[in-house]
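In the two complexes below, chain A is the common chain; its partner is chain B in one and chain C in the other.
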Partner chain A sequence: MTQKIMHAGDGIHASYGEAFAAFAGSLPAAEHAARAAAFDEFIQHGFPDDAIERWHYTNLSTLPKQAVRLAAAAALDTAPWQLGDCDEFIWINGEPQGAATDAAGLPAPDAHAGLAGLHRAFARPGLQLALGAGEQRERPVHALTISTAAEAGEMTHLAHRISLARGAKVTVILQNVGTDGAARFITQSLAADLADGAQLTLIRLQDESRATTQWLQTDVNVGRDARFELINVDFGGKLIRNDWRVKLLAPGAQTELAGLFGSDARAHLDNQYEIDHVAAHGTSRQFFRGLGFGNSKTVLNGRVVVQRGAQKTDSEQSIANLMLAKGAEIDAKPELEIYADDVKCAHGATCGQLDDTAVFYLRTRGVPEATARALLTYSFANDVIARIAHAGLRERIARRITAALGAELDLDALSFEDETVDATGDAL
Partner chain B sequence: MKILEIENLHAEVGGNEILKGLDLSVGAGEVHAIMGPNGAGKSTLSKVLAGAEDYVVTGGTIRYQGNDIAELSAEQRAAHGIFMGFQYPVEIPGVSNMMFLKAAVNAQRKERGEKELEAADFLAWVRHRVKQMKMDPAMLSRGVNQGFSGGEKKRNEILQMLVLEPKLMVLDETDSGLDIDALKIVSDGINTMRSPERATILVTHYQRLLDYVQPDFVHVLAGGRIVKSGGPELARELEEKGYGWLQQAA
Partner chain C sequence: MAANPSEIEALVQNRKYEAGFITDIESESVPPGLSEDVIRLISAKKQEPEWLLEFRLKAYRRWLTMDEPRWAHVQYPKLDYQAISYYSVPKSMANAPKSLDEVDPKLLETYNKLGIPLKEQEMLAGVVPDKPQVAVDVVFDSVSVGTTFKKKLAEAGVIFCSISEAVREYPELVRKYLGTVVPFADNFYATLNSAVFTDGSFVFVPKGTRCPMELSTYFRINERNTGQFERTLIICEDDAYVSYLEGCTAPQRDENQLHAAVVELVALDRAEIKYSTVQNWYPGDEQGRGGIYNFVTKRGDCRGRASKISWTQVETGSAVTWKYPSCILRGDDSVGEFYSVALTHHHQQADTGTKMIHLGRNTKSTIVSKGISAGKGQQAYRGLVRVGEKAEGARNHTQCDSLLIGSQCGAHTFPYTEIRNPSAIVEHEATTSKISEDQLFYCRSRGIGEEDAVSMIVNGFCKDVFKELPMEFAVEAQKLLQVSLEGAVG
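And now, the complex of A and B:
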């Protein structure tokens, strides 16, 4: 075992050492020691492989061993991804577009030591959002990260931080996208702290390029009567791994995690959700919808831990997957670990295909079979999409799904807000 | 002219033969009621006419407006004017009724080589019919049959029929699960569509619907065949005597 680590470490050092030396040279002296220690952690532990239970389905030790370097700044038109009705913050290859923000400290994701070390060693500040007590923002904050890669082996590491004081409230849209190009490796972390009564809605849309390996870790601490809502939508990437860790730390803390995923190519997508009920009277809801396209392989692990003191915990989990292609694979696993005796925990998982009767129903109205299937798939996905309040983003996601389905849907008639039909029924 | 001519139709589902030599001829302007006991093949006949792929025609012919429709898909049949009202309409959450209607009408027009409708004209067209079915216009922006009661779903079937204006209407137990008010509204909807160039087949288990929609012919379907045909008086006879005596006769 030791030998294996040493061996891996040597290879990793050869690949990443030069990039780290160059990056460290650009850092303020005060950071040097912590960054170097983090890099050593990475060298010592390397990448997680499938011998580790949490990484059973996703083996990062197969990442290319050739020399890597930090992605260079690039210029491109960001308009296609901007949403409007939002405060926009944009990073291209980790480079902020506009004023840079200072980070409150180095990220410390609660993850595999090697991977966490790599991220901590190289991370640059991403979104740094702090809301004061009672501050409630109507406009969502849009954090848009864009990756490009001219040559294989470019990497970007970005750390986001959200801190909400007592009673603060905000919606953050984290969108990870990339242009076509060479193979690249991205890590991002998001650390969020919600003080008593704070409310964070995080909408995350991942549509990376088909050449991208990405790891995202999100750690959320939820305080008394505070609420964390997540709507995560994954479509793109080549190898995507997301770790979501939510800790309900004080009585009355709530979380609702919703996820929609569908890779339409030979992609690998692994979402690991973990909710830790630390305190009593916590509520958690999980709602996941998966689309199995093409030759994609998708992993979904929904883990709920109820600690000894977390009495009166109320937890529900629902997983439903729709298999749309013969070559698709979805591994969905609910996991409950309960150490308290007065709790309510429910979970259910289904995996199936489109209802033939429903397809026939649409066809008897004249809708061609491919369109009928697309409509019903959209209907299935809409259980998650409908949770998004931002109409423009909802429409964007709907268009992305219909594009993946390869059928023509008249989305203008989908009536996202339906301005054409009013309640009075008077003809326009 | 005949709208529909069925000769010696045999059909099976899952390897079980359900229709065993069924003959039926429906002329333009006529309303035919098909009655019969459970398991007689009433729903199978509806689905075969609509083009359900899991129902396999193993013999006989179906001619619609003079043409054999064996090779036509469900959507092609719809575009040519065959409409089937479902006994159990399907819920499609997240897809609004308006979008559904628009998708259906435009797909049918495209199949027939016609231009798409102008949005405003179409909206007025649909709204008029929503009122006719005494439905809340707000339903148009809600999901198809989403959270609808049994009666609302059936009204929605008739609304779709009014919007699509088919030539042949096959209504599979559209009257089941309706209270008397809903039955009147649904019947009114069906009656508005009666015209010299259209035809209707009412598949029903009860005589009740026929008090509101007067049929020209009543047929009894039992054991996969039409075993008796007559006028409206046959329905009343069936209501009184049940189906037992006919099954024995068959």
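And now, the complex of A and C:
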């Protein structure tokens, strides 16, 4: 056993060990060896600390401060979160509501060896979605994970998998919510494979409880002329780290990533986006909007890699941050790593405030200052929200933001039933 | 005039053929290796006071506990710090190189094309007195051997000498400022430098003085297997101004050489320091053999109100460059600037950029970085803009462009921004592109050869930076780029 374990304290790791022993008992014998190997990886590497460049702003080594146990099943009325016009899949504390599905193998995230080991050791199957060739679903798939108070335990680990065959098309809404203030530790992974011409729109809304530590890694492989679109909205949690990896593996692959983040609490949000242009003629777009509320620390790393031979790559990235309060911190890094010469790559990052002249203009029209500021902030965030095709979800996010802004906005005056939007959001 | 003009003339004469040879001077080197004894020996040879020896030993003891940084986007074999000789002093200056036949003709050709970058020879001899004068402090290996224009500078009250001399003549000044901008334990290479630095330049511009001429230093790495560890300290008191030029060349050799310099700038109230560099260390051959490892720590401290520090660099040499000239904007209303052109060709690698640390109110910084990558060169811009909690009204604009020439090269951008004050306005923009076929075709259809066309386009790409350079350097820099890019196209 390594020094890291000693450093973290034997008692803590003994507690992970006990949790693993209890969990392993519930697993089929065929999985035991792989799970145990994964757990050993975790023991060997521990949690990432800020000495690792990719974890420079997010230090998880202070995490194991208390004994851990897997969260127990709990019952809860899930109606408030259901969207209605979607195919619903729900997990409460990692326990599927309804029929459980089998996973096709263990997940393989790689953002950090120790963390990945922990996830592999404990992961239970989450959404397992496979679409056949040409299968196009009009109804979005809603994967809802809820963490709530249980009798004991605070860890859940879920692994999602989406596989789209040639020409398949679907919208998946992944929503992570928490109900109370209990300290929790959640890891999730999502692996998606898009075969030639497939289209996946992933909308992810994170609104975990104020004491939650969550790590999510998403890996998407995009095939020839396939398209992956992401809209990620981060509001909740205490310490949130998301690793997004998109690989454009064949010519004509496209991806468009959009993100909105802002916590109104003393929280730490870290989003690491990476687009890897492996093949030529790939297109990528990134569009991020950040809100710096009081005492929150938001980290955004947008990385674009253009591999040797990925000629004619077209990549753009735009990051804009709004600093709203003293005490907030925003750390943004738009990275480019380019190994091919015939490419078009541009990125821009800004950090600033609301335009005083715009505020003044609204005030001259009789809008109180607080409302004017809230309105302008909302419109800034709306650049991302408007990309969401699902009207019901869009409205929920809008209400969540206005609540955070603390000013009364007449949302009913804002139309959410936007007739210009089709199911894919293409018209936006 | 200088103490011995003929010596300096001889030295300057050497520059005419540029530096592709090892000057055969009887030199007094200590055997390779580093220990407390070596540091005591260096200190004793330089007749340093006790406090400086303590500074060196403190740094050395800290250095032993540090690890070499590996986060930069560069690759090179692990260095053996015990194989480097940490001290070498030329004994006789009259003993200049014997024959040009020893020079690699290829290098000679290159340098002939470059011409003499500055007309320092005439200036030293006073042939062209009506032109702007440049004072040169030549660092020949590790000990500064000639300083000119001392008298004229002395009349203005400006101190410009080697740092060893400054330690002897102005110990209280050196002691007051040395290590206050780059602390002895700052980073691996700076700490090594603090332990073993041999020489460098010292500039002190007193209150209200505008330095009457541009100050210039040439560095040469000359003795086989001696890393050069310069230490430069520039202090501008209230309302003072100085423009400092640094240029370097190095002889060809096969082993990799370490160059770990530290430059510290201190600007007090309303002072302004302009620091310009043309760096052309030996970059290794076309297969990537040899070349200098340039691991430099440069930092300026805008300590006073409304002070200004401006870095301008043209980086075309070195096998591996690891360099981030930075500004600490401590005084209210202070200004930091960074203008950079970096070129990597063949197997060169560069990880360079800047840090702008905004601490005072209404501080402003501008970053313009132009990276050119050709052949198998790898080029990274790494920059940090940090706005502290108390830095009300901080403003930054960063422009960061890369030009790619050839399908084997790489251009990378790692711009860190850390904003902790809601009134900050920070902007970063970056583009990456290649020389377009249209531009080339247009030039060629006007009868301009392909290489000239590329050079013209590249010069246009770099214009924003070249216009910040002093006139003579700007001319030199353009030629340097042209020569460095030869063979990159076609």
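Everything that follows uses one rule, which is that the second predicted complex is superposed on the first by the 398 of 428 C-alpha atoms of A that agree within 3 Å, B and C clash if a C-alpha of one lies under 4 Å from a C-alpha of the other, contacts with A are read in each partner's own complex, and residues count from 1 in each chain.
Just so it is clear, contacts are C-beta pairs under 8 Å (C-beta built on N, C-alpha and C of every residue); 3 or more make two chains touch, one makes a residue touch a chain.
Predicted, not measured: the structure shown is a model, and the values here were computed from it.
When the two complexes are overlaid on their common chain A, residue A:386 makes contact with chain B while staying clear of chain C. Of the two partner chains placed by the overlay, only chain C lies in contact with A:323; chain B stays clear of it. When the shared chain is aligned, chain B comes close enough to touch A:357, but chain C does not. Of the two partner chains placed by the overlay, only chain C lies in contact with A:308; chain B stays clear of it.
Of the two partner chains, neither chain B nor chain C is touched by A:80. Once chain A of one complex is fitted onto chain A of the other, the partner contacts of A:342 are limited to chain C, with no touch recorded for chain B. Applying the stated contact rule after C-alpha superposition, one finds that A:292 touches chain C and leaves chain B untouched. Using the contact criterion defined above for the overlaid structures, shared-chain residue A:332 touches chain C, although it does not reach chain B. Residues of chain A that lie in the contact sets of both chain B and chain C are absent, per the superposition on chain A.
Remark: chain A residues 53, 292, 308-309, 311, 321, 323-353 touch chain C in the complex.
Put simply, chain B touches chain A in their complex at residues 50-54, 73-75, 77-79, 83-84, 86, 89-90, 92-96, 98-100, 102-108, 111, 119-120, 123-124, 127-128, 130-131, 136-138, 140-141, 143, 160, 164. Put simply, chain C touches chain A in their complex at residues 71, 73, 389, 402, 404-434. Residues 355-358, 360-369, 371, 375-376, 378-379, 381-383, 385-386, 409-410, 413-415, 418, 420-428 of chain A are the ones touching chain B in the complex.
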